[in-house]
């Protein structure tokens, strides 16, 4: 997130992942998300609809997602309607197993509470649920993500007199330590958003944590996936660096690697992100974000 | 408490204090407890009725009492009906501001919960209420209390192969660290129950805590009052030793000092414990412990 | 929300409680999981490490039945009716065998569950300064405050293999609601690798979701849900039935005589097929005596956004 | 139970909030104590250290009004409607003056209240290993585990001079019940020297005592109880009224223009005698739009012992 488009929620949030793997195929499953024969949409890759769909596919098979509102909310809602009805959303406000009757306008929205399966204390949410290892995916937004997956949501420029004062950690530096993995969505794809090293490390990668010698090391794998307007970056292992795993339709590998603050490696199996189905876009526009709060 | 008369509750408990000061006088206050002209009872000093009355008087002016059941329950109930209607009982089970419709038969009795002002988590009770400094008096039972107010509720004899295995700490070693002061009731008055030094220190005095050098020292003053079948012992200051402050009717100072494991000092103003009023005993028998659970 | 985890107590214990495991059976005077403990006895589990703040009669029974080799606890007597003689025989006379014990104060034990649930390497508390407890139990250690106020004692995490709790109600997926005294159930559940919840009643998800603040243990922390009405007897379930104080008094002479205690286990546990049979043996009249009159909490509103 | 602590907001703020104090105003998106914050503005308090996990619009307003010199927080943006521009002006441009900030993650801030409430010298958590936050904030320190798993970060206690919370209801003696998102209110209250509770409704003690598990802040922790219906506006009170999302959107352009923000404070806070006048200014129609439909929790039973 940048200072002018801050996280639309109470934590460092927004994000959307994607799966590049099942892009070939003629699946005819009744499960619409894998039904590649379905009519496709031509929404542009930088649109919220595109990113939310990519993120929804990323959630298939995941159980518990710790997220802010915005794209994660859209993605989870879409995922439940398409790829995986079992995805459970937990919020740092203490909501577990939300069943909102309307689209949530924030992580503390009353519609998340009414009808939820549990409304825990924040101590139970951060202590038992998060630190206890029950979160499979944490969605985070960021101003910057660097080569090894460190996240900056604090300041751009000098720490003491910053050029831009960003929202800070919120729950992000708690989440990255204990969520099994982290998915980040960036709204920009350039050396500013993807520098070799962040200006300030709010939420560290395992590789950076490891340098803090003698410390009890966090359980989480850190950032595994970064979704940008141009493609998808993934880290192949716990201490590795981000690699280009997919480019969105119409984007070349050279475009995606050229505008990054380091020499971005390209995976041998680099793929093209599958387009959203027309049905995905319809669901997002006509059934999920009917008031166009996040789809602008 | 001894092994054959263990604490009648879920924690190391039972106790009853007394006030020796206002024993002379011709108070005619309508407040019955100070009405010395009222008919007196001749219940013996070792009886539960006597001890509960002494304890009730000790509670006058105290706000929040952390107690087990048994004599503390009787004492608090009697105190509310006589010397101080504002005394509030908290239990380690999490009950705050109990208003039982029947006499509680344990610290986890359902009658303490129904109609209570708050039912807190045990973390809030021990952490916020107790460690937070909101408890004025902790009532504890004990097998042994020594010269400087250390309490043993763990083992008599060898630690590894004890002669008697007592109930252990329960909440006692938590309570003594943080309650403003501790009142102990002993059912025996002899060198075994009042040794120069306890066989095992479950719940330490400030004087003993101070010897643990370099430690953050507990806020509580420790045992300030010990009520026995013969009299009342008090510690004059935080690091001082127990002194004989009062003897019960019919007990001589020599009897009270002679049967103790150290050379028990006698206060210059040593007094005789006022007898319970007939009304105190009637309340205990006919309105409080009507089933004679603790009054045996 | 996940699929149904409703099963029988027999299956839940068979699947999740194995010989040699560390088993937390929590419930502070209230909602003690007696039915589950009895099923552990029926299945003749051995060499268990039992964790309970207040061992209570349930632990004495598990000891008599030979299920337990180690006890982690903070109070070694019965709730309100006297000594637990089997525990005392084991500790004082090694009769019929020694019992290894690991001892804390109540808050120390609670903090162990908290640290376990939160995967913290330790949890500080203000207790024990000057006490012999840290001498007796080397797991109670000291940490220097980095802010200059000196040392404090800390306790390590307690992570049971399985935690068993009893509650008033849960839905089929395991969202568990309890009220009254809530004890150490929530942290003990989150600290464990597996969690069995027995309840007075399995309710529809809508009942749970109408009052989400009452859910103390969400479905994701629960592995098995078993409907066991009366499952806390002889302890109680707030609002459902009261403590069987007569039973607590009766246990003292039974516990004092090892042969009588063994006979009790044979008759009441091995002699009954399950908890329903145990309750039938107890008899309707006795059960009726434990019933409580209603005392409604009243309803609050969570609100619905208008269209 | 103690005597009545019911007072007016004016008196409560006059008595308990003084220039230079450390004031916690908690409420995580929900039950934000706006009315109390506005009264602090009306009384022109100065040089406050404000503690809030998520500063929200309330802190931006207190800053505009010149009440605050220091901010202890874990997220420096609005709940869901964009930047807080007064905070950004202060931090980025020292306009009109620098703002001292002390920064944590959400759980770090929560743990500071927990340590404060429990009088612990520190509280460990699993966050920050590898983060620059401990470099920026020297109060985040490390402790070596005495059990051999290495070091963990800890935070020190936070003990405000006064904590202000808003809740759905309390009785006159201060037994406070809240539901929905409960935030850091309970530990922030117990951590403070004085506690002001504003509520939608002061209820009879019987209402509170019918459901004791809903009491999160008992009377003994509370110094003043004030009935302030609508006291969380523009945030919300679960079951009572919804968030005024339009206001949150409106604040962004106001906040962006310091003159507009000052004018807003003059008109809406100094220009209204109290929260009732503020609500009247807001108008009945707008308020009606925030009303929610009932969604009852249902009632549970606590039981009464039969004679």
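Per-chain residue numbering starts at 1, and chain names A, B, C and D are given in the order in which the chains are listed.
Definition applied: a residue touches a chain if its C-beta (ideal position, glycine included) is under 8 Å from a C-beta of that chain, and two chains touch if they have at least 3 such contacts.
Please read these numbers as outputs of a predicted model, since none were measured by experiment.
Common neighbours of chain A and chain B (chains touching each): C, D. Distances between chain centres, each the mean of the C-alpha atoms, put A farthest from chain B.
Chain A and chain C have CA centres that are 40 Å apart. Chain centres here are Cα means. That of chain C falls 36 Å from that of chain D. Centre-to-centre separation between chain B and chain C, using Cα means, comes to 29 Å.
In chain B, the residues touching two or more other chains are 95, 110, 113-115, 119, 127, 131, 178, 216, 219. Residue positions of chain C touching 2 or more other chains, listed in rising order: 114, 118-121, 125-126, 142, 144-145, 149-150, 152, 179-180, 182, 186-187, 210, 213, 238, 242, 292, 295, 302-305. Taken together, the touching pairs give a contact graph of some other shape, not a line, ring, star or complete one.
By the contact rule set out at the top, the touching chain pairs are A-C, A-D, B-C, B-D, C-D. If you check the complex, the residues on chain C that touch chain B are 28-30, 54, 73-83, 87-88, 91-92, 94, 103-108, 110, 114, 125-133, 136, 142, 144-145, 149-152, 179-184, 186-187, 236, 238, 242-243, 245, 292, 295.
Residue ranges on chain A touching chain D, taken from their complex, read 3-4, 6-12, 69, 92-95, 105-110, 113-115, 119, 121-123, 126-127, 130-131, 150, 154, 159, 161-174, 177-178, 200-206, 208-212, 214-219.
Note for the complex: chain A touches chain C at residues 63-64, 86, 88, 95-97, 99, 101-102, 110-111, 113-120, 124, 127-129, 131-134, 178, 216, 219.
Touching chain B in their complex are the following residues of chain D: 1-2, 114, 117-121, 171, 173, 175, 186-187, 190, 205, 208-210, 212-213, 215-216, 218-221, 302-305.
Listing the residues of chain C that touch chain D in their complex gives 118-126, 141-147, 149-150, 152, 154, 156, 168, 179-180, 182, 207, 210-211, 213-214, 238-240, 242, 291-306.
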